[in-house]
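Let me begin by handing over the structure; questions about it come next.
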């Protein structure tokens, strides 16, 4: 939560610099206004907290009344929030507040689309570490608002042995064995494999979870059979929205999708002044 | 430049937290590696400096050799950089470095597509303040690498009277007049209008630049005639790639495009270990 | 506004260090006091906000009641504010609060003297970037309280081509031409010249504003004729208080004065304990 | 020393903001230059370290060669330093570097004038806590360069019982007695008095040092007699340059002067481009 | 006080990182709880302020009701505070809050034991600069709560010439003489000696205080005679609890004890959930 | 690693404040010295990196030559490091550097004693979150140097359901079940129990690890039988050095010990000037 304050402050600093010259020149200091945040397209809302915090950071007297909740699915034209207060303050915060809301709602909206494709299966959608610099915590919450599940938050809260680790360690079994020896007892060991042979090697070495990267649908199906419930199976690798339903039906898999966070188009949101 | 260091540090803090548990568990501290950053799709490169800085911030002994320059157009499979050093350090920085490079190259690539559509006209593509929180300076550079032009960087380095200001001030002429009276003599006055009448009112009131928002192609053409060279004319409002050529040909206009920065999909880049 | 908090905190840290040893040793923790800030000389007040903030930063329970406003002209002996609260807190903040108030009122007072000399003319007094490190924003406000106008706030919110730029660019016309090509469309181009020939060259090259540096009164008068309303004319260079009236009468010029901020003597202010 | 870096960075941030627009627009990135810092008036130099650090903070490749030392007395026209490096970097740092040098040399110069007046006596000039917010450490060094002596640096490294403390404690003797009981054994007790009676009371109560505030010359002379070597005697209160010689000759006193730091006019310094 | 906030924030950041995974997984967000902090051993309490601040820093809605005061001597089983609020917030802050309280109460408790041994003598117990990095201010307060007296807080608020200084200066007399010449007039001069000859040398040179290091009881007694009230005498050097009474009775000495802060075992404190 | 720099800087700031008055007064700026860090008692070394960094942070020209490594067991009198450089710099850093080294070596030394008692068994010693505020990362390394194993580093990198969580969740089984549902797939679930019934309940509910708190030796032995290799078993609760051997022999258990970090007495280390 401390982080959010810092993030909002730094986003405001980036935009405001030494202050809003236009409002100072054009609007008298005592003018007040009331405005409404609108969704100009359908989607899933996320980012209401940084949206709201941006206004109150600029001016604690601005009042933001939220009309929906993070995670809500809204139609085009839905009113998301009312904002009222000194006009200079509202206008100074407007752009940054919308930048948060538009991006995070974009992430939630794309996630929801992927999640919809998994409905009725035992599979789940996960985010990855392919996030935009500085925005990971918020983007992870947006994925949650969209219905996705979380993966580890960083390099320090999970063991995921990737292909590069495997290569440097000299093989899947050796890498898993080292991890079991050195990792804290509180963490599971997950290892990335690219073939079914490696998958079997990983399980034999005692890996707790296996990640199958860049496999086609058939390979995933055969991997599900190989694993046979011995461990959770994660799949990844450029998973497109049109392919996710088939993948989700191939077995109970964890599907991790980088584009949820690195390529989600913004949801179109705006702030309309009343009166 | 100070900002870049802070940004890189905070992006690393976000990912590394208390350190890379996997590498510590699996890779011996004295193992070294050499890797290559690859473009896995065609595009325009941007972000080589934060990419490089991320590695050296983690470990000053990592050497990054850049093989292309920001702004270069590359084919799928192009090698972008060599990275060599202690394996733990290279792997600790990999994801954050790629997150910078992928996003910024995505922005540059999309910008270049828009710019291409304007070639041979007197029109130009500009970015807006619709940037992702914390990343504005880098995204603006990426727009430059893509061939776009810059608008004001924030609320404090330009006067742009938007529709909300006009409403609060009581009209275009009144708003322009106040701005001329109060703004520093070093700044031009730009005002946003929505109709040709307002456009004429803005010019009469002495506005130095006019921004026509959300106008259709015909209106833009007529606006060009109305302005008749008296001031630069900027147009904006959800400009799609397929429409930009016509717009650019409607006259010498400044076309500002929010999606360059808020909705550009990442360019697919990866780091391949050698040997 | 964030900046002000940081500035107050750092000024307090500078003075308080690990705490006020004298008050701790001499005054019981529950003693309260009431004090009055006095102007011990006539002048223009500025800095009431940092003055007030310094007390509340030390102890949020201290109450500061302002009796005048920034920009007010006061006589010797005028009461400026009442301060009441725990005595240890009031005394801990006293010196830093007065240091802000004395310096900024000094700047406002000197500015007012210059501004008085321009009354009845179309000329104005401007501040420069010759400010004391860390204090620019406050000093600029103090200039405003004194009746002065603002110039650009820093290197990033205006284009002012100085003599050194002209030399490195290879001449006035070339420098102006480059600036017109590269600068954002939101900024005017101002160029510094030293002769009337250069002035003409600047205007021909399309400079929006011209700064004439270190010229004598006659040259300024001739410059006004040369410009003939084509662009604003700024003059600068060690302008003394005794010369400013003549300069202001030479035509409608912008007179920028470094000593407003770098050499204004402090206004004598003190805090008197009541009872 | 950490402090200096922070101070230089924040002074640069204040001036540079998002960067030097003019140099970027007008000067090619590979142009280099060489410049000379000049004293345009006679004075005592101080601030060479922050001057130099400002350039290298902007760009570590800029080379600053100092031609004089802090504390040196220079004539008008003296060359103080050579600066060479990328032109954009030199020009970006110029103003901030000169702002440091001009202000601090102004403090040193004024201090030297006061010190000169004491030559041949046993009296000394001291600075006070009436410094400009954020600049105390540098201003104290400047006072040292001018030949002044230092007082306590803040509220936490000395015991100085001022008039307000005396009033709240209920008298000089009571205040001194409390201080002797509560202060660390490493500190002397100094108390401010306004009359000779109080002075005697202070000494009787065991004060280690006495400060006589706002006394006329005769009173100071009599105070010297009263003290009679039992303790150091400090005098303060609007001491003007024209009065200091008499004061210094009244006995061996410590003369503290607020205007050394709060009202010293800047020394005129500039940076001249060569070639 | 600013420091305390930073310290609490950084201690929380250290423990919370990206948040409390267990509470998030196991406890619903709207569950509230009430808990009691207990002393599980007898001792002297210190650290109630950072204890309390830790909870409110995590969540301003948590209410901490203190049942004892810093400096109170408590029995095993004493209730120290009630804490109530959202369960997730209380549990997130618990460990850090207890870490402060346990350590600081440990310091106060050990100090009190030493102080008890001095009762009825004119001697006092002092802390040293042998504190744990980052915790000095709090540990010094804990020493005060235990009844100890304070020494200088750092290298900048006192003159203490240690054996290494003496060696580098070329002797006790020379070192004292330099200090008298160069130190501000507000500070006493203290010098560390190891023999009675050095002690006499120190006093003759005008040292205001003498520190006798690592002397046995007899030497201390003789030192008291040598000093004969001419100056305060401090003794130090691995003073054990069982030896302090004899030392305190040897004369009126200041006994400084490093282990008060560097080796005090924590007081056992815990937080018990009610209901 | 960034953290270490910040920690060293803040520990130095705490001690140095505005600078070392004694060295400035007594030692000429050009005096150099050479000193040796000595262990004045036997123990295990830890903290050489912060020790060394403290000197170079004060002055990059100070050279520290390490003579032992972290984790080395040393006899009384062992030379640990040579330090040479400007005398003022060495003395300014001395105390803080030793404070790090003494405390961390104390932690490593105590840990080694506990670890010794487990030799020849399958049990291990672990640290806890009962660390001193701000010092956790260094203390955890010190535990590693002593031969201990690590537990989770904070609340965000592991799931440990404590008694308070169990109570609020309504029982062991319910708490474990919630954790399995909500926690990331990368983490094991550990739950604290107090009875053998709860232990069985935890295993049945699918807990991956069980922590038995405050049990006597017999209960631990029976717990080992109950668990029978189904999951790792951790034991905790005021484990004294004299009891640890029996505990370690009761079965293969993880023994977590708070006093390693919250109550380890400092190792006596000093810096002796040569010559």
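Going by the order they are written in, the chains are A, B, C, D, E and F; count residues from 1 in each one.
FYI, a residue touches a chain if its C-beta (ideal position, glycine included) is under 8 Å from a C-beta of that chain, and two chains touch if they have at least 3 such contacts.
Here the structure is a predicted model, which means the values were calculated and not measured.
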_Shortest chain-hopping distance from chain C out to chain F_ = 1
_Where chain A and chain C overlap in contact partners, by chain label_ = B, D, E, F
*Among the chain pairs C-E, C-F or C-D, which one reproduces the interface of A-B, with more than half of its contact pairs identical by residue number?*
C-D
*Rounded to the nearest whole Å, what is the centre-to-centre distance of chain E and chain F, using the mean of the C-alpha atoms as each centre?*
22
_chain A-chain D separation of Cα centroids, rounded to whole Å_ = 54
*CA centre of chain B versus CA centre of chain D: separation in Å?*
46
_Rounded Å distance between chain D and chain E, as computed from the means of their C-alpha atoms_ = 35
*Going by the touch rule set out above, which residues of chain F reach two or more other chains?*
17-18, 137, 153-154, 156-160, 184, 187
*Topology of the chain contact graph, where touching chains are joined (line, ring, star, complete, other)*: complete
*For the complex, which residues does chain C have touching chain A?*
2, 137, 153-154, 156-157
*Which of the residues in chain F come into contact with chain C in the complex?*
17-18
_List of chain B residues in touch with chain A within their complex_ = 7-8, 10-11, 14-27, 31, 33, 35, 50, 87, 91-92, 94-96, 98-100, 102-103, 106, 129-137, 153-165, 167-169, 175, 178-179, 181-184, 187, 238, 259, 262-263, 265-266, 268, 271, 273
*Please give the residue numbers of chain A that touch chain F in the complex, ascending.*
149-153, 156-160, 184-188, 190, 209, 232, 234, 254
*Of chain C, residues touching chain E in the complex*: 9, 13, 17-18, 21
